[in-house]
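Both complexes shown next keep subunit A, but they swap its partner, so subunit B is in the first and subunit C is in the second.
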Partner chain A sequence: MDDRKTNWPLTLFLLIVSAPILIMYVWLFIDSVSEINIESIWPEKFTLRNWRFLTEEIPGHGSVWTATLNTTIFATSVVAIVVVLSSTAGYALSRLKFPFRAPFLGIVLLLHSFPSVTLIISIFLMLRMIGLYDTLVGVILVKAALELPFGIWIMKGFYDTVPWEIEMAGLQDGASRFQVWYKLVLPQIMPGVAALAIFSFMAGWSEFVLPLILAPSSDTRLLSVYLAGLIIDDYLSDFGLFKAVGLFYVVPVMIFYLFTQDKLMNIYGGGTKG
Partner chain B sequence: MEIRLEKFSKSFGPVNAIEDMDLAIGDGEMIALLGPSGCGKTTTLYAICGLHRVSAGRIWFGDREVTHLVPQERKVGVVFQSFALYPHLSTFENIAFPLQIRKESNADIERKVKDIANTLHIEELLGRRPGQLSGGQQQRVALARALVRRPDVLLMDEPLANLDAGLRLEMRSEIRRIQRESGCTSILVTHDQVEAMSMCDRIALMHKGKIQQIGTPDEMYHQPKNKFIAGFIGNPPISFADGVVEDGRFVAQGLSFELPDQIKGASVSAGQKIAIGVRPEYLQPDFATAIEGEVTFIESQGREILYDLKLGGGQIFRSIQSSEQTCKLGDQIHWGIDVNSVFFFDEQGVRL
Partner chain C sequence: MLPASVTVTLFFVIPVMMTFVFSFTTMSSDTGILGNRYIVTKATILDLTEHGIDAALVRQLGHKVFRFNDAGLAKIREIGLDSSLVKEIEEKLSGDEFASEKALFAALKQLINRPRSFKHRKAISKSVVNTITNQEFRTAAAFRAGLVANGIKVDDATFGQLLDLTNTSWRWTTDNYVELLASDFTFKILANTAFYVFFTLLFNVGFALVLALATFYMPSGQSKFFRAVWLIPRISPSVIYVMLWKWFTFDSGFMSYFLGSLGVEPENWLNEFPWTFVIIVNGFVGASMGMIIFASAVLAIPADVLRAAEVDGAYPMQQVRRIILPLMAWPILFITSYQTLSLLTSFEYILLLTDGGPGFFTTETWALNAYHTALSNYFGNLRYGFGATLAVVLVFFGVALSLLYLRLFDFKKLVAEPLIEN
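Coming up: the complex of A and B.
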């Protein structure tokens, strides 16, 4: 991996192809710090007025910091639930014999390919019934549940690549089944766990439909819902503000992605060999 | 520690892998479970270390019955075919793992790991990861990990199969040396007769889930109980020919000779179908009982030359000779066999 050489023609080609996206991001940034005459595309002068949402509340929309905190709690909770449950369930499905294992795997896969939006009405009713409607906990549980099938399958795939003999050796060395899993098997699939954690964090951060329907009020509001709320507000047509909020929303994910993209690629590689 | 298997059976669903196997291994002895693949030798090994549940019968370590104990309670060290080192741990941590699981003090762990590393000549590798070790070094680490907690029993599953030829020779004598030094009762599972014969005190030859014969390497070679054993042990392999008994002679197409006295006297009757087995070293140019045939294959192995001799009835007899090459391909020649060293088998393959 060390002697990766830069392939200039290829780099150039990729640069050209991805230019529209890059330009859009650059423009997003420029627009967010400038005053714009609606009729021209060129910015007129520098301003920080679009970023006023950071220090003051936009009337009727609550604080952006509450939304940011909510989104952070939301995304990290989803990560925690998905990683813990997928890494244990994946192990069980990969290694243990239990009744209905094969049907269970099939159902998990079915759930993964099931469009979650079609479930939204029944989920809404269920959350109302158990009193979790319009709470962060409710929407976290729903999002984590919907992410789980994917996570379980990915984790099972990683576990399948760990040789049985390592586990046999661990048992022989006196470790319990749990110690074998925790001390010997789990470290082998850490790249998979990391990738899954990153993946579900980004999925949580960008989730929109579920919180919009299941947690709409201002103190449970996520950033995506906050942004959408601004845009559909009829008394507000401040495009500079929309762009600034949009940028504020996307920057953490971009930075996060920049640092973790190597690990994320593992999820598509299936497994790793030391 | 003695190991005893009493009427041990193992079945996988409807398939009986092992039926009513009895085996006793003496304290400090090293025994080989030898056999072709699928004969049940690894199944037996996994039952002894507790990874497989026993279907019937009992397993004893000394006077302790371990039949239903889990692997963690058996004090068995195992070296797996793939070595099964823990890739995320250093050599030191790999060897220390069984001790850490037992929550021994750090000072004890340090001392024991150093000791065993010393015995196996791997002190300088303790800081490395398994991925940075050669096959032979990984083998030594696996042995160290199996031996570090002074197990009652050491089990090795094809320990040399993953090594290249030169290393195999070196590790053969190394494993034997370490086994002697540790005094650990050992079982070696292998399909390679050379490994079994060169490393072990005794060999248990298995076929189709049954032990065919147990004995020292010499006994297995010179006193095989049946045709399968005679055919399995020995390289280059023994040659067989079918025939009948007539007037105290063995008669087959293109081959006939007087039966030796101990065969003639006791166990055969006229007209009985029997088979003979002739090891390549007992077919030589100057031996007494003459046979005639065509040389169909010559292979020089450097020090020795291997010939195939095709008899009149189409049987192929092998001969191994250490002298200069005396004939060439297609020659008709008269050589002889040593009748007293020929094995005779009845129709069921049992040696007479």
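Coming up: the complex of A and C.
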């Protein structure tokens, strides 16, 4: 509502409760490029020493670039799998009649609300048994599979909003079901596909528990696990370093979010207009 | 469609069932996760004597001999040693036998091209060793063949005993459930979990409502700003978000500095008030989700209704209480039930923040305890079976609450039949 006037007590109250977030993220920038002074939180001197991890390895922690590459591979693969499988499965669930459709949809819905960490122990054991433990492939498959129910569900929602008339017309004109899907329906739900892709990318980039448990070694480690390893290392208690690595890790996702937030919000709205 | 259902089944439906299966085993990092495993170790040899196995046989089982025969030499060639060294071994040591590793190493030292690294000496010793000790056999037949290859003869009765005593694999059991019911920690962790879920939920839903309503009654510029700020914790990866809280509460962090200027001694506030921060840290993240849902729910309320109330002289507080809150019952119910489930089962933020500490089980919740038991602890033995038993309880809650949502949110409509057939 645009006719609202500033209610100062209210604004002040929100400012105070929001202060921790603002302070933490402002000091994330400040401390990453300054020498830390134990006595005060104000920076003493500008330094790039905290960023040394870019050119040299922190002893015992491997290269940040391996972790960055792994994280990039991880996030993009998850996006590819989730988008391709959900956009096809969502269409099938929305528009096709096939045996066990209702039970399948029921399971997907159930899993959508079912928290996946509950399954981590048996997934860990199963990956050990089939030899995918501590491989990037294994953790990618698991993450993608756990994101799928959400993806299928969202995509089905988008397909449900596309008017039937478009497809009826396409079929009348002699197009095959696949052509109808690819040429007529898919373009209609592009905002949905984009939103799902953005969402999965951010989820993949931030994922911590799965790679921590399923791919912990230095060759397969993701940035989240790399940073967590630095923080719990008893020989390091250097918040300047942590913050520099943290900033290095968070900046891509923040920039990505700033550029895509309008598209991402479609995930809550659902579907094309009109 | 097919790939999607295969993946969902493989990584979702099967794990649920396997959690139950694993919960009835003694699987741990000591027993391994694969089936039968027969190993004669130093420990089992001591055990064997106690169980009345013939002393001569026990001595044979513990016996080691290092033979440079064809099989041993073949293995040496595969190690990847210098060819000159391999050649010298073939010339000088072929056919030799050593009774101990020490004697073998002494002989290796005499060679002109002697192996310099300990790793290489160990690899040679491993290639030529002939013993039953520390060898792993997956089947009884392989174990028997191993005994024969080492020239050990046993009768069937003794062999049966040996199989039993050397099998280190996991077994089927219901003891996990008995232990769960009998353990003193169960109650402590249950109480922790209830405390954590209740208060975090209160914080989450309460704050989400306050934020959604407060930003609704603000000029749009301000409300955009606050919503953006509150979304930051949700967007940023958990590791960074929690690290920043650790800094904030650290004894040289912001809180100590700020309170220090008021004359309070610096402290590690996280260690002083672990629960407070566990709830706040989780609550800030949870509140942003509720905020988004509630904010759009408030906007969905027809403006006419609010305008009418305003014309009739209702203050904002009265509007909130009499109109907005009753109309938002459903979103509130949805967020509450959804977050109950995710709080019960998620442990990511607590793991990063306190890892169940400080001290023993101070902030250990059920899900975190399952993770600690099965996948990461200080005792060395990871108890997969017992961890799975703890997870079964969570799976049970998860399925029950998920089914409840489906009932609440009108499942039939969601699976309505499609209009075009085939």
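Definition applied: the second predicted complex is superposed on the first by the 251 of 274 C-alpha atoms of A that agree within 3 Å, B and C clash if a C-alpha of one lies under 4 Å from a C-alpha of the other, contacts with A are read in each partner's own complex, and residues count from 1 in each chain.
In this text, a contact is a pair of C-beta atoms (placed from the backbone, for glycine too) under 8 Å apart; a residue touches a chain by one contact, two chains touch by 3 or more.
On a predicted model such as this, the values are computed, not experimentally measured, just so you know.
Enquirer: Putting subunit B and subunit C onto subunit A via the overlay, clash or fit?
Expert: Superposition result for subunit B and subunit C: fit.
Enquirer: Considering only touches as defined above, state whether A:Pro163 meets subunit B (first), subunit C (second), both or neither.
Expert: A:Pro163 sits against subunit B, while subunit C stays out of touch.
Enquirer: To the nearest 10 degrees, what angle do the lines from the C-alpha centre of subunit A to those of subunit B and subunit C enclose?
Expert: After superposition on chain A, the angle is 120 degrees.
Enquirer: Look at A:Leu22 in the shared chain and tell me whether it touches subunit B only, subunit C only, both, or neither; answer first, second, both or neither.
Expert: second
Enquirer: Which of the two partners, first being subunit B and second being subunit C, lies in contact with A:Leu48: first, second, both, or neither?
Expert: neither
Enquirer: Return first, second, both or neither, reflecting whether A:Val251 touches subunit B, subunit C, both chains, or no partner chain.
Expert: It touches nothing on subunit B or subunit C.
Enquirer: Which of the two partners, first being subunit B and second being subunit C, lies in contact with A:Leu12: first, second, both, or neither?
Expert: After superposing on A, A:Leu12 lies clear of both subunit B and subunit C.
Enquirer: After lining up the shared chain so the two structures overlap, which partner does A:Leu171 touch, if you call subunit B first and subunit C second: first, second, both or neither?
Expert: Touch partners of A:Leu171: subunit B and subunit C.
Enquirer: Based on the superposed arrangement, let me know which partner A:Pro187 touches: subunit B (first), subunit C (second), both, or neither?
Expert: first
Enquirer: In the superposed arrangement, does subunit B or subunit C reach more residues of subunit A?
Expert: After superposition, C is the partner touching more of subunit A.
Enquirer: Answer with first, second, both or neither: which of subunit B and subunit C does A:Ser206 touch in the superposed model?
Expert: Touch status of A:Ser206: second partner only.
Enquirer: Quick check: superposed on A, how many Å separate the nearest Cα atoms of subunit B and subunit C?
Expert: Shortest inter-chain C-alpha distance (subunit B to subunit C): 8 Å.
Enquirer: Which residues form the common part of the subunit A surface touched by subunit B and by subunit C?
Expert: In subunit A, positions 168, 171 sit in both the subunit B and subunit C interfaces.
Enquirer: Could you list, by residue number, the parts of subunit C that touch subunit A in their complex?
Expert: For subunit C paired with subunit A, touching residues are 1, 3-5, 7-8, 10-16, 18-19, 21-22, 27, 33-34, 207, 211, 214-220, 222, 226, 229-230, 232-233, 235-240, 243-248, 250, 252-254, 257, 284, 292-293, 296, 303, 338, 341-342, 344-348, 351-352, 367, 370-371, 374-376, 384, 387-388, 391, 394-395, 398-399, 401-403, 405-406, 411, 414-415, 417-422.
Enquirer: Quick one: which bits of subunit A touch subunit B in the complex? Just the residue numbers, please.
Expert: Per the stated touch rule, the residues are 163, 165-166, 168-176, 179, 183-184, 187-188, 274.
Enquirer: Where on subunit B does subunit A make contact in their complex?
Expert: It comes out as residues 49-51, 70-72, 76-78, 80-82, 84-88, 97-98, 101-102, 129-131, 145-146, 149.
Enquirer: Within their complex, state which residues of subunit A touch subunit C.
Expert: 1-2, 4-7, 10-11, 13-14, 17-18, 20-25, 27-28, 31, 36, 38-41, 81, 85-86, 88-89, 92-98, 101-102, 104-111, 113-126, 128-129, 141-142, 144-146, 148-149, 152, 164, 167-168, 171, 202, 205-206, 208-209, 213, 224, 227-228, 231, 239, 242-243, 246, 249-250, 253-254, 257, 268
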